[in-house]
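These notes open a run of structures that come right after.
What follows is a pair of complexes built around subunit A, which joins subunit B in one and subunit C in the other.
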Partner chain A sequence: MPNIKLHSSDGEIFVVDVEIVKQSVTIRTMLEDLGMDEDEDEPVPLSNVNSAILKKVIQWCTFHKDDPPPPEDDENKEKRTDDISSWDAEFLKVDQGTLFELILAANYLDIKGLLDVTCKTVANMIKGKSPEEIRKTFNIKNDFTPAEEEQVRKENEWCEEK
Partner chain B sequence: MASLTQSFYEDWANLPDPILTQIFSYLSVVERCRVGATCKHWQQCLETPQLWRSFNCGFYLPAHGKLFRCVEQYGHFISRLTIFLNQKEAENRKNAIAVLEHLSSLENIHLSYLSIVFKGENPLFYGGHEFILALQNLLIKIGEKKEKSTLKHLNLSGLLANFNDDFIDRISANCPNLEYLNILNKILVCSVSPYCIMNLVLKCKKLQVLHLYHTSLSDDVLKALAEPGRKPLQRLGVVCRRHEKYGDDLTSEAWSGLLHANPGLKVELGFDHTCPLHRISEIMKPEIPVQELHLATFTRIYPEINTAVAYYEHTLEKLVVQTRPSRELQESLLNVAQRCKKLKALYVYCVLEKEVIDRILELCPLMRETRNYILKWTMDPEPWTVGKEEGD
Partner chain C sequence: MAAARLPHRVLEVLFSYLDISDLRSCSLVCKNWYRFLNDENNDVWRLHCVRKLAEEALKSDLLSNVPTYKAKLRAFYHAWNPNDCSRNVYIKSNGFTLHRNPVAQTTDGARGKIGFKTGRHCWEVWWEGPLGTVAMIGLMTKDSPVQCQGYFPLVGGDSNSWGWNLVDNHLIHNGDSQGDYPPLNNAPKYQVGERIRVILDCEDNTLAFEKNYEFLGVAFRGLPNTQLYPAVSAVYGNTEVSMVYLGPPLDG
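For the complex of A and B:
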């Protein structure tokens, strides 16, 4: 099967079956647009993804290579977060920094399935937490002025009632 | 384990907007308000229309009234709105109406889908008048856009209120782009006349799905639905109750004409226990393309099942029967299983013999596989919930 070379931002080269990486719309487009032959030796440059994350992405794509294409988002369907497969859940048992990078990589490489599952994972980390707890979890700086914060707190007081 | 990250710190606060929007789309209304209180960027991302297109609210406790604040903030984005409430408490009713009133006050309303669902019991003598009024005002607002009127889907089956002709006329006048209408609420007396349904049909030429009581239909309505220049009618749900005592039948000719003009039409036909038994066979006409049949009569009902097989063997996909057990009933069910080749779902709310059940499932392997059936040979300890067949 034809292989393709992927070049990470920190200079590592990964040789991967082209069918596996076609889950990335970005790479697929690059191949088509650049008229790259599938067994050309020229590696595809991925300037936004380092080798450690690229390795994880390739691992995810390899496991999911036979998945049917993800369905179009139906605005009318209730969005769930309790349907993450056990393999994906295990795959995403990583430190928060890695999760962050995986989201960015999935976004840059346009891999819908990976983006969906990472976003759901983050949503699950947010659920049940107060604003302060959310800030703590994600290291978010509170950039409201005291006046703004008071207003926001007042407006959302009702959220705190269980 | 060495971190797999690069050395810059993760800036969750400044994730790209589309990603944050996607994450927030998995959160409930309450959870979204909490993330909005964390930092300015996250709060800004909540201002994304896509997030608020679909809006569910439930009013069961006084505290839920504060959901209204969200409606105030994001109401102008709402395209699909479902309101659930326990209507027994005045506070819940007040809050639900406040949502409708707020939407009516918006300059630009994008509402395309509306459903109101009463989950509790109506207080004694409650006729839902305040909801009818609030809805009428909302409909007028929606109708201001005339041919660009946005409402496409209106499901009032959960609204236990008295609909009358005036109310339906209001729908007809303001929703020319209506595609789905369901007025099959469980109110005791339906006073919607065929004349006003006629008006609805004439004004709403894009109507594709309609659920209503048999007494609100007439041959003229069926003829109007068969006129050219309309979007094809896809689904017609008709329920027959006590008032069939006094009704005129819809004729075979009218049904034929309707089917001829709408060859893809599927009909859901239902009879409840107040419908006079002799009327059932009279109302069932062979020309009706019945896909779903509900016989919730609690009486001897097997001759009607056999009639249904004879008429609808090529179209019937779902059968729901509430009746008393008998040998004849079992024979008629076997008849159904044998001849209705399209049968996908069978729900029988009485005890049957195991051999009969086994035989039925043998005859319908697809149904056995998908488990879309209720066929019991013992009285289960748990109650059988009619109407919850598809696990809704």
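For the complex of A and C:
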């Protein structure tokens, strides 16, 4: 199977089967735009992804390479977050910094499956929490003034009703 | 930390997995998250709207005065309460219009799902069928009955409700007429289909109405500092009344 070289932001080169990285719409597009032959020796530069994260992304794509394309989302159904596979759950047992870097990499590389599962994981960490609990979980600074916070709270009071 | 600075494209995917109550919490976490959720037409609000509101409500001009998805969702959360209306009334599948069954000798009403105790609020009400002899529009506390025997100005009929009878232009509270409204000679009669805006100011404790974008004056003063609900009552068989919550009134 033809291989392709990926060049991480910190200068590492990864040789990967081209079928595996085609899960990334960004890479797929780059290959088409650059008119690259699948056998091309020229590495694809990924300036936004460092080697540690790229390694994880390649690991995820390798495991998922034979996944069928996901079905079209039924807009009328609530989106589930309780259907993360055990392999993915294990794969995502990483520190928060890595989790968010994976989200940003999945976004940059446009890998829908990886973006969905990482966002589901974060969503599960948000559900049912108060704003202060959410801030604590993710170490986010509250940049509202008390007056601003009160106004937003009032505006959205109706969201608490069933 | 990375979470606060997530790009909006990512927030769109992340928030699409959360329910409305969690979205509210998220909008209070930090300004970046708030800014994303403040775009009332983004896909996250659109999806919640599509899931909760009937297609017919979204396709018709019922919600024409609530332009954004978030506002439409909010209007639905404030709509007629199918669990807080007369047994002779049902809420149609569009979620916003009540239908009064042709039951004789009874006055039937409904309250909105959410009552107000603070702030300023505005909602539209209109009849989509004949008024009959008594068609009341106004406010009720939770304690007022939503149904009674006979044909009676139910909204306004006790100390816990305040109503305007669109048929004879009388204001009613505590069962008594409080005068004509608007206080003009030959005030035009209500036409079926005309949208009336009800303006409740909980800080000033007043209730006023607007018709055809014309402010008609304060109707009731001295409202109590208690939860007040949008309400109507009707007597005509098979008539229908719609109510759409708009939000705070635009000043000016």
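Just so it is clear, the second predicted complex is superposed on the first by the 151 of 162 C-alpha atoms of A that agree within 3 Å, B and C clash if a C-alpha of one lies under 4 Å from a C-alpha of the other, contacts with A are read in each partner's own complex, and residues count from 1 in each chain.
Following the convention adopted for this analysis, contacts are C-beta pairs under 8 Å (C-beta built on N, C-alpha and C of every residue); 3 or more make two chains touch, one makes a residue touch a chain.
Note that the structure is a prediction, hence the values are computed from the model and not measured.
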| item | value |
| --- | --- |
| Combined model on subunit A: subunit C and subunit B, fit or clash | clash |
| First, second, both or neither for A:Asn142, with subunit B first and subunit C second | both |
| Subunit B versus subunit C as contact partner of A:Lys79, first or second or both or neither | both |
| Partner chain(s) touched by A:Leu115 [first = subunit B, second = subunit C, both, neither] | both |
| Touched partner set for A:Glu101, first subunit B, second subunit C, both or neither | both |
| Partner chain(s) touched by A:Asn50 [first = subunit B, second = subunit C, both, neither] | first |
| Touching partner for A:Lys93 - first (subunit B), second (subunit C), both, neither | neither |
| When the two complexes are fitted on chain A, the stretch of subunit B hitting subunit C, from 117-125, 135-143 or 189-197 | 135-143 |
| Common interface positions of subunit A, toward subunit B and toward subunit C | 75-76, 78-79, 81, 96-97, 100-101, 103-104, 107, 115-116, 119-120, 122-123, 126-127, 129-131, 134-135, 138-144, 152-153, 156, 158-159, 161 |
| Subunit C-facing residues of subunit A, complex | 75-79, 81, 96-97, 100-101, 103-104, 107, 115-116, 119-120, 122-123, 126-131, 134-135, 138-144, 149, 152-154, 156, 158-161 |
| Of all residues in subunit B, those that touch subunit A in their complex | 3-6, 9-10, 12-13, 15-16, 18-19, 22-27, 30-31, 33-40, 42-43, 50, 53-54, 56, 63, 66-67, 69, 79-80, 113 |
| Residue numbers on subunit A that touch subunit B, as the complex places them | 50, 52-53, 56, 75-76, 78-81, 94-98, 100-101, 103-104, 107, 115-116, 119-120, 122-123, 126-127, 129-131, 134-135, 138-144, 148, 152-153, 155-159, 161 |
| In the complex with subunit A, residue positions of subunit C that touch it | 1-4, 6-7, 9-10, 13-14, 16-31, 34, 47, 50-51, 74, 77-78, 113-114, 118-119 |
